[in-house]
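The next part holds the structures, each set out as structure tokens.
In the two assemblies presented below, subunit A is common to both, partnered first by subunit B and then by subunit C.
Entry: the complex of A and B
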């Protein structure tokens, strides 16, 4: 057997099954995420257990279609129970899902024990963790025969099923994209426009149940939830555009599965171990890895991005506060009066912020250092003037337009000054009865007066 | 025990109510609505005039939103019938537009402003069909009407409250309906948005359409609306603003006294909780 032939026989079928299953789950998972019912995938995947066992007991053999129907029926029944419980019992969705799926799962376990007593052997592990490793194909030996209809038809049934379900799910999402979007965003409007939101919900549940059952072979009933939630949630962290989100989630699903598969299949060898690991497990780990990475590093919604933006703002505020203090000192003691760090800390409070602001201002050449003192540069003075102008405009506005007490407005103005650009400052000035003086009788510096004087 | 069970009334039997004109855009007869068996709207009779701006006013919990949802089959009616131009809601649905409260949707939803306005056209587009460029042009025109044309490509999570309200209004315009229900379109918006909204409403009226708005700012009622519907768990008064929006009716609508109807509602709710 050639190397390539071995890959086609042993690796291609399970990988193809896993990728198709992951894509089906991910496509639908996007809409569960939008409806804030991602747990629904979990609920359905647990709830199908009694359906599988019951179908097995009734038909008394392993006919895949019977088991498929039994599983899907149980999954749908659980969706109906969740909706009913939610509306009748006034339960929040998470609670309703939790109650229903644990009850269904418990029923499945009891049924399984009953089956075991009748010497019918059902492998619980296979249901829970899947059996990707056992899918293989005896393809024609010659490469030329590989792509004929007959050869492809001889692919293992799990592969064909997962491809079929993927096609069905893709068609469903393409055909009902706008209906799914509308009913997720505004169910009341959808219903009033003639798109019955409840009907669309249950239709989605039919497809979720189908995808979940079809994905059993790949990742088992427990880990299928990772495929429903992780790629969609990861993609959501990168974009605010639904189409981009869905496309991105599909790419992530493929990457997750391929990475997970090869980690599981060849990872142990790489580190010199001989024991094999569960491929479903390593795929799920890969999904978790992608989600964690995105939560940390996604530009807009990731933790790091938020921290950087937050820090940048803090830095800018510290800088402007320092400049403001120095401008006021110049006002009191004359142009180019030096200020030292202690005075700034005393006025502003917070040593760390003052040091941060001084360091930043020095780097930007807005202030200069001589001995232990600092003084404003020409550019620094212009910037400082804008800050103090915004501050005093806000104080005036808060007193004259909102009727606040003059001694109450300093702290608020201290915040607002950092978020006031020039157009907004001019808008403020236009609304003031006297844009020359602030409520404490201090002169509001005009726009770039330094330039005018020099 | 089940009080106020939902039942449907054969529309044909309505012919026995000659006082209802079949030309009225909205004709409500004997509508009672109950939440958890507690009636929140009692026995509402109401005929909306053609080509009018109607303010629905009343205190919190008076059943204003419930009135709208009951008319639109969004919640079940315990009793009563609602007709649009003399026919059922189902048959006239495309002629009726609905603007829910702004807070009723998730504004972090990953769609653009134009996407949301286009949703108003979905009823005309129909199941499974794709959105054509003609629909996009129509939606753009609606955005222009509310002064948000420049925002078409923006994600909706970047909008201010007033802009969100205008997007909802544009979506309603995109429906091209003849009768509109709007739930607090003026709530929490700035002066400029208020002006845009009232301009749009007046234009709708000029085109012969009727708009029913839940409205909280009593001061602006006479300026904005030519008709009022005053609710407090039942209809207190309805008619042209000049004659109906009186001190006496306001006192009745907003009076703090617990009416006997409210007391019995609470008794019913308690009894059903107790499982009597």
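Entry: the complex of A and C
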């Protein structure tokens, strides 16, 4: 019981704050990612510093609302400055962001010196790393009282703020989903359809600034930047559908936060060390872990998936090339004429591809080996016939329809034959003046000639 | 003296004027002098390297590299400590920073090249994850309690005050070396910046040149870590180059200007940091840089905001002036006697024909030029020279109208607006050429004859 109580009082509030902050940032980050302005999160989270310090200096105390307004104002001002630099100064977006946020940040550090001079304690480090570790709750002692309104209202202000901002961001994305989507993919089309792309941009910036400001006191600006970019980028590697991407990124954000939190809070203990680890930092690392995993293993857009598809394609092409050569040899010397490896290498070039093709064809039982020679099996002959048919159909098409020279089309047909399925081959055949002979006078094998003969 | 202030007294004390001069003239001790020279060299090198990074649209790579140096620094510190050496060895730390900078570039490159993520998302992701790793390592170092980890935080915001003379000298040499190598690579960088595809076709190894450029960015970043800090070093790379962009369109001049702006920022920023030891050097240097940027942005002669705005407003004044003259001319055109006699038009009439009340500044300008006369009742009339100018303006308008009807295949009813856009910027030689073209086609309008106007002015005169 006391153990559970300890978790609720020490671990639940920071975890809840981090999850809500991560979700807000991720939701908005999806749209920043699509508009290729992901670094706006970086720029705004650095730019809020002078606003915070100025609000401190003006109000002279830690009133959260004043500071929130100051920070959000500075964040928005930086967004306006970036746009102005882009349009007035003809600077590319990256440079405009770099100029604005670094100057804002420097101004913030200098202002902070003024704050220190007036004995106001401001720690720039806590803005960078956040103070997740210092959020805790004194919940009611009995479990039954936990879910009463009074008890929930006594949650730390960071928790309540981040929940509020999450609700606001969710509503924003739900209500303006169509506008956000349209302006993200095609601002010019959006403008011509009567949506105000600039207004949507600034509205998005307002919410990014709000989310950044509300989050980073708790979780630190570095985690805010990571959460704006990483989960959305991870999800983008899995899907082309925006709704799926947003849902997936939200799931990833939650998983990242939970994993990072537990690694940071309990990791050192688990490996028997006594050091404490920055939780914001470990959540960021978890975000990086998920992104790396996706970049490597995502089925369609991941590195390995792509490599495997390339290899598979290369293998299939090698196989079909081998079958094609054997079919032509049979054509010249009669059915079941054997072919050896040297002939194939000579015809196709590339020993490695031929060996790959032979091995694959043997495994698929499309060819048989006897002594040093190979011959087509029944199934192999059908497959080979399709390949040669596509090849010669393409040659005929390229000559008769596209007007290429007959002695120039072989190499092109060698490529195209691998990407031609049966319906496409039949369409090609219909367009040919003479679907019986190819430009070199060779017979184009018919569709099911093997079946006919048997 | 500011340095003498106690720990309790945190108010900012302004140094005496003679002390400021002493610092600025490098007379305030070898330590300060070498720090200032080092920062100055760093600024020049950053400005020069940043110019290429900016033109190559890689401005924010510097940001990523700088943030990524934190885990390198921390790892080097941990390694040194675990091997039993003192952790705060500047060279080992900077070596660590260089390694993680290289790793960061490799990661950004892999993500941007081999996945569908765009370069900015890759930069942001790598930047935050590397910095997060650094934060984790830093928190571990702090709980290790070795006692000499205090200086690591200086890398985040930059602190020159703690710099030793030998460090500063080595950094100055390194900055000079970076500068020298970027000047040696000037031609290669230029060609890759402006047209990397062309460079490739011409047989330049553009990937290698890009790598060299990023190597120099790493160099500048690592050198600048100590004085400017992780977060603000990117400013030294971007801001001088962006400022220089306002001054010129010539790469050599831009490189020089950026170097100069960077150098001034580094020198004076380090001086200020020596005078106010509590101020983080990075912020001061970047602030100087920011002031120079603002000055460049507003006051640079050709591309600056002020010059551009002036050019725009002088053009719109000219347009308003010519419209007013042409309106008067066309209103009176239907009766040549009234036109010749210089009949006055009331403001209400003008408003009717112009579509708006004439701009009073334009009227004032025309009156001081002696082109317009104001009658006692407030109505306006053309003077003799005003008539000639109005005729010229109207003629330009009609020449261009005729030309677009002839060669642009536009309907007569559509050309008035298009001619409006162009008539104000026709130079004399173009007018002469237009006359020649139209004369040959037999379509030359006579400016003083209403019959030649494309739009018989019945509606306008009514």
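Everything that follows uses one rule, which is that the second predicted complex is superposed on the first by the 443 of 454 C-alpha atoms of A that agree within 3 Å, B and C clash if a C-alpha of one lies under 4 Å from a C-alpha of the other, contacts with A are read in each partner's own complex, and residues count from 1 in each chain.
Rule of thumb we're sticking to: contacts are C-beta pairs under 8 Å (C-beta built on N, C-alpha and C of every residue); 3 or more make two chains touch, one makes a residue touch a chain.
Just so it is clear, the model here is predicted, and its values are computed rather than measured.
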Mind checking subunit B and subunit C on superposed subunit A, clash or fit?
clash
With both complexes superposed on chain A, which partner does A:434 reach: first (subunit B), second (subunit C), both or neither?
neither
Classify the contacts of A:275 with the two partner chains as first (subunit B alone), second (subunit C alone), both, or neither.
second
Touch check for A:446: first (subunit B), second (subunit C), both, or neither?
neither
Thinking of the overlay built on chain A, is A:422 touched by subunit B (first), by subunit C (second), by both, or by neither?
neither
Just subunit B (first), just subunit C (second), both, or neither: which does A:89 touch?
second
Counting only touches as set out at the top, which of subunit B and subunit C does A:236 meet: first, second, both, neither?
both
Of subunit B and subunit C, which one touches more residues of subunit A?
C
Thinking of the overlay built on chain A, is A:340 touched by subunit B (first), by subunit C (second), by both, or by neither?
neither
Can A:195 be said to touch subunit B (first), subunit C (second), both, or neither?
first
Looking at 112-120, 292-300 or 310-318, which bit of subunit C clashes with subunit B?
310-318
Between subunit B and subunit C, which residues of subunit A are contacted by each of them?
36, 236
List the residues on subunit A that touch subunit C in their complex, please.
33, 36-39, 41-42, 46, 85, 88-99, 102-103, 105-107, 109-110, 113-114, 116-117, 119, 124-125, 128-129, 220, 222-223, 225-226, 228-230, 233, 236-237, 264, 274-278, 280-285, 287-288, 291, 295, 301-303, 306
What part of subunit A is in contact with subunit B in the complex they form?
34, 36, 175-176, 178-179, 181-182, 184-186, 188-195, 236, 239-242, 245
Inside the complex, what are the residues of subunit C that reach subunit A?
10-12, 54, 57-60, 62-63, 110-111, 114-118, 120-121, 123-125, 127-129, 131-136, 138-140, 143-144, 153, 156-157, 231-232, 234-235, 237-239, 241-242, 245-246, 278-280, 282-284, 286-287, 289-290, 293, 297, 303, 305, 308
Under the stated contact criterion, what part of subunit B meets subunit A in this complex?
69, 72-74, 93-94, 96, 98, 100, 104-106, 109-112, 115-116, 119, 122-123, 125, 127-128, 130-131, 155, 157, 171, 175
